[in-house]
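Structures incoming, each one as structure tokens.
Same chain, two partners: chain A is paired with chain B first, then with chain C.
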Partner chain A sequence: MPILDLANAGFQAYAYIDEASCGAVKVYATKKGGHRFACKMWQLEKLADRCGFQHAIEEVQWLKLLRHTNIVPFYAAIVCDRHILIATHLSDMGSALNVIEKDYKVGFPESALVSITKQLSQALNYLHSQYILHRSIRASHVLLDSQGGVRLTGFKHCIRLNEHGLGKIHPINEFSEHLSDSLLWLAPEVLSQNVSGYGLPSDIYSLGITICEMANGFPPFTDMSPLQMLYEKTRGTTPRLLDSTTIGPEGSADHHQHHFSAGLHKLVAACLSIRPEDRPNASQLTTTNSFFKETKRPQTLRSLLPGVKLITEDTNKLTTIEEMDDSREVSTMDQFTQWDF
Partner chain B sequence: MPLPIFGKSHKSPADVVKNLKEALVQIEKGDKKSDKAIEEVNKWLQTVKGIIYGQEGQEPNSEQVAQLAQETYNANVLPMLIKNLAKLEFESKKDVAQIFNNLLRRQIGTRSPTVEYLCARPEILITLVKGYEMPEIAVTCGSMLRECIRHDHLAKVLLHHESFYHFFTYVEVSSFDIASDAFSTFKDLITKHKTICAEFLDTNYDKFFGEYQKLLNSENYVTRRQSLKLLGELLLDRHNFNVMTRYISNPDNLKLMMNLLREKSKSIQFEAFHVFKVFVANPNKPRPIADILLRNRERLVDFLSNFHNDRTEDEQFNDEKAYLIKQIQEMRA
Partner chain C sequence: MTSKTEVLGDIGGRGLHWDGQPPVPTEEQANSFGNNSSGNQLKLSIGCEDDEESLSEDELRERYRAWTLSQVRPAPPPVQQEQAQEIRVFQAEDEEFLPMPSSLPEDFGNELSQLLRDNRPLFQTLHDDHIAEEVWQRKPPKILNKYLFGDVIGEGSYAKVKEVVQEDTLMRCAVKIYKDRRIKKIPNGPENVNSEKEIMRKVNHPHCIKMFEFFRLEEKTKQYMVLEFCVASLQEIVDTWEHKRFTPDWAHYFFRQLIAGIEYLHALSIVHKDIKPANLLVSPEGRLKISDFGVAEQMPLYQNDDTCTNVQGTPKFQPPEIVGGHNPTYKGFAVDLWASGVTLYNLLSGEYPFEGDVIMKLFENICWQPLEMPKTIELEEESQNLLTGLLEKDPMERLKMDQVKHHPWFAKAPIEEKFDWEKFVAAKGGNSSRQALSVFPSLAQLYNDQELESLDGDEGGSGDNDLQNPLAPQEEAPTASRQDQQRPNLVDSPPQSEHSASAFYRGYTLNLKWLCLNICSSLWLMMNKSDNFTYLLFTKFYDCIFFQYGLSIS
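And now, the complex of A and B:
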């Protein structure tokens, strides 16, 4: 893993990838050697509330603590003007959400879904074996690399379950306000905030929602108010993959074109079981044997999702080198008051 | 004696610690065998974790844990693990921190045996502080340090050791991940145990605030913002009354805050406000402080009247602002 000496190497912004909740994600390259990397810029003045700043710190600390093939590799974090730049490996297809929005509006083909699910389960298995709960599994946090595969990101909501060294994994009840940016993906037991709390299986539920999101082109419950969504989830409504077998004639023609295998339907239904104990665990999901036959040989995401235009191929975007501009955030107050000392 | 409950491993805690130590000795020698030894350490650390955390779905066996802890102290394995931390595998480093932190929390009645062990060997704590100088172990050492600081005895040892002042460098290093970790450790050190901290700040006022001033003037935005916020918290803590009185009697400190009120960053202005208010609210302002405020009376009133007017929902802030404006207006020469 190359160690980026951002503070001394010098680097330039090349292309815009995405807008995250805290600020923009862009492609950067070092001035020397042109080594490309992704960079998330936390605009600290925007995060005027003190907890936003804390999130930046937590995200960096988690990234540093995790090392796995299916977790985005962390390179460096520096302060630059009034921003924190977090440099990570560049996944050249962007996030699964980017791919849905740009190139696969009605969802991914099954072969891609199976491959992504397996790799995501490996990342979850790594986290869960250390009793770390991700709490924010969603397509926008699933990064895709044409050659390197799936890389999980979005660690700012992570929490460790056995902080106090107990053999049994105790459920937790923590529900901080900031979790609410992923309401659609959260498991019913997380949302209901009751005494029995939640644990590792809640990530599996979010994985199930994410598979639906990637298969259908949008996350389930999108059309509902949060309250209605909560009601539907807790009464046991399980979202499904939309294809010719699950939607009636009134469904969209595009989704009628889909034919997902019985195995994939079964897998999604299992992940979305209302009772946490009925869901498969991450380790069981890493081998999907119980759902369908293993693919003969592993294929790259490039071949599984041939319709994707790579960020690095998008030459229009790669031409501009921009300066960081946050002039809007700078105080408009009279800065010319001079004190008389 | 075989211990079937620990699955594959049939080793007693004594054997586990003995094997761990042997591997660590190999690593220290640094010869050809050390690669193998690094793997060995990884394996034995897993076993140790299995004993103190219990296996899946099974509470740890307290007798085994007690034995393991005792063996760890007897064989002095903790200092060896920390000394060789940088050489261990990525996951092993985290295991060391987890084991260390777990042992620190262990209590027998009111005694904390690991705390007593470390109190007698302060050099271990200092090695942890120095860990901030090595990027590959900085954050791991940080998590162990913060666990130590929860115990007042250990916090005191760290505060009163000269290496405490290294933190003023660590919080400013260019890697944000390390600097922010160092800052939270630094903050814990000077805020966690109120009486110890107040006494420390009072006796070491000049040296401490001499260094602290550099943080407030740092080129690094994050350092400036964090240190300013922490300063506000320190001064408003009643335990630090003496420290506050001294701080708000120094006209240079007032000038610095008035300049920070005019920083281009709104967050810094806001944090500066929370320190500035203490100078104004002081009922017994020393002459030099009162002079500065009087000389700038009109400008301050104008300035504050337009200060962060968009914060309409923050009632406390608006009350405080109104109070400051009134105080300044009513000042008499």
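And now, the complex of A and C:
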């Protein structure tokens, strides 16, 4: 019986990153040689009742299929000792949500937003050109790399608009309770669940919300109950960036310090158009938008977001990982499995 | 029309009087409507909600009967045991005949028409708006067990079906509401509901409707079955098509799905027994879902064939071995296949293979009339062959499931397109409630009250204000700007008044006079049919307005 014992296999638990959505710990380990990678560890039992084994499989399948500079590179997936291990490229700043929560509580500066948005729309363009709908674009699924790379992850809700990649492209109507963990990011046409269905533009709407989330430090509609959010979205309320031009005197002082360019405001407004056909498509976002022309030369995210402490530098968490490591469990399991019948 | 009935149902129940004496409430009336002295409790619903208070036609009739009986015996208030019994006996005898109160003025109709014609103010005392506001008091949005309730989307003999949205996941579902009282009246009702529930628990297939939850609320004495949301039944859809039939491609598309669903059910030893277009629903993505397991039967675990004894279902879709009545038992699976054959026949041609004016004639035709292909349309050779096989009168000769699946017509590739709702939506007037979330008015009521207040002052202004002034102060979450201009097409906007989008929900702008005039006149028109029931409605309404508010015809 295989035992989850990465230490013996030559890997070293290095730091604890995050609790992933499937209720499992996300750690990353380094090989003794020095190559680092992120490793999602999902406990099978938890998976079974939370978001389902099927979703984990789907996510792995998508990760295997997709290859793009702005999509997280996938190394391996193993099922071992009640765990699924998914090893992917390590993004050393963590997800955009991590960065917001730790270091940029009132949101990112515009230069970083521009860089991230641009790369995200490239990833989206790649997906959309194959008629793949991501369906859960959100800050926690945007991984940031200090070397400048933005990588999209979180593919468990991915779906193709044409079955098996063949035939015509149809809007889809599917709405399941699994989608409910990212309700805030979903486009109104997804939420209204009517016969007309939704298509690629719904991802652009989610992108718009994600930009707001990264700019404001929290996603729009957070303070509402889901029902109220549904009401606001369907009646045509559009969120916007918070800066000194859009909020009144009683807004928080932090947001007053923000000054976003007109281009960025325009982009967000376009992405959050109520009518799906009014939104720009992904390729328009990467090429023709005037807003991107302002970025002259590429800068690393490290220089754009100087306040971020890298995961690799964060040694405090090393102790946490040791506590959380189920090595004790493994050793007890060892005693049983050593019996050889 | 139904909404009117409900409206009046809410008011009604207090007896009418023509001779100046206050009506004497029977105990039942007193219980259900409280006492008159509680004053202006008059309520009308605008129809975004109707719940248990709304009365069905039957109940109204019943109340009316009870009331007329109480008029016959002006003794009541403390109803004594004996008297109550007496009344019941009387009721039983008088089931058919509803006596008209003799006190109805004969020229009442003329009087009313004169009033309407003269165009005089119909009511004397309409002081100010507060009466209107009381009249238009809206029912609060209903949230039960985390489901926000929307419109009624269907009604069967057992239950009413409403659209709901789950509060946390925002899933759009349908909920089937079983009223205890109603179920007890149906023979075998409680057992059938129970078996339906048990079967639904087991079923998990893309072409069978899924049950998410089943719960019971004691205080409502109702049971709720939360189901997948479907847009319409195949029957409703096919009715919107030309000649009430699908093109062969689409009939093939749905028939394949139907067979897939039936095969799954049969593999679980479940016989559906009531396959027909009205019980086959279509989900928003155009997928057929077998529904209504009310008469379905789960074979006992150790029974190794599909022999059934219990006969239930829709006569038109029943095979000869059932309607013939010769055999005490029959093979369940063959019954479902026969019914799917009738369904296919209907989908392809818009006709039924066997019909009869009376039920005995229908049964006779099913048993003895040879199958004829539809005359209005020339069917393909292969589909004719399949129909002949499915509508074979001898159950042993009838096609079996695997034969159907290997039939060349069945096995051909299905149409590649996705089901297009356009035709259906257009036929339903373009703004079918099935399309948009019908909970929207409730949502507006839940979350829009603030705006309502502000609109009281300056109607029509606030929407534009926001647009003109992007710096307008925002409340607690300054993340949102309202842009009513961009109202989407994807929600079917409710009717808007010229002033503001929300005026519709307020309803206060409606003129009470206008309303009364309208209802009175329409009721009076109906009265010309001298139907007891419409007469009842009229008098109820008359009574409410004229008696409760002390209004009188000028």
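Just so we're on the same page, the second predicted complex is superposed on the first by the 284 of 341 C-alpha atoms of A that agree within 3 Å, B and C clash if a C-alpha of one lies under 4 Å from a C-alpha of the other, contacts with A are read in each partner's own complex, and residues count from 1 in each chain.
Everything below uses one rule, namely that a contact is a pair of C-beta atoms (placed from the backbone, for glycine too) under 8 Å apart; a residue touches a chain by one contact, two chains touch by 3 or more.
Remember, it's a predicted structure, so these values are computed and weren't measured experimentally.
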Discussion item. Contact-wise, after the overlay, does A:45 reach chain B, chain C, both or neither (first, second, both, neither)?
Written reply: first
Discussion item. Once chain A of both complexes is superposed, is A:180 in touch with chain B (first), chain C (second), both, or neither?
Written reply: second
Worksheet item: Does chain B (first) or chain C (second) touch A:77, or do both, or does neither?
Response: first
Practice prompt. Mind telling me which of the two, chain B or chain C, contacts the most residues of chain A?
Written response: C
Discussion item. I'd like to know which partner A:189 touches here: chain B for first, chain C for second, both or neither.
Written reply: second
Practice prompt. Identify the partner contact of A:65: answer first if only chain B is touched, second if only chain C is, both if each is, neither if none is.
Written response: first
Discussion item. From the superposed pair, tell me which chain A residues show up as contacts to chain B and also as contacts to chain C.
Written reply: 167-168
Worksheet entry | chain C partner contacts - residues on chain A that touch it in the complex | 167-168, 170-177, 179-180, 183, 188-189, 191-197, 212, 216, 220-228, 230-232, 234-240, 242, 245-251, 255, 273-276
Practice prompt. Give every residue of chain C touching chain A within the complex, in rising order.
Written response: 148, 165-172, 229, 231, 283-285, 416-418, 421, 425, 434-437, 440, 443-444, 446-448, 470-474, 476-484, 486-491, 501
Worksheet item: Residues of chain B touching chain A in their complex?
Response: 52-60, 90-91, 94, 98, 102, 105, 139, 174-177, 179-181, 184, 220-223, 225, 229, 255, 258-259, 262, 264-267, 269-270, 292, 295-296, 299, 302-303, 306-307
Fill in: chain A - residues contacting chain B, complex
6-8, 44-45, 48, 50, 53, 57, 60-61, 64-65, 67, 76-79, 81-82, 84, 86, 130, 162, 164-168, 329-331, 333-335, 337-341
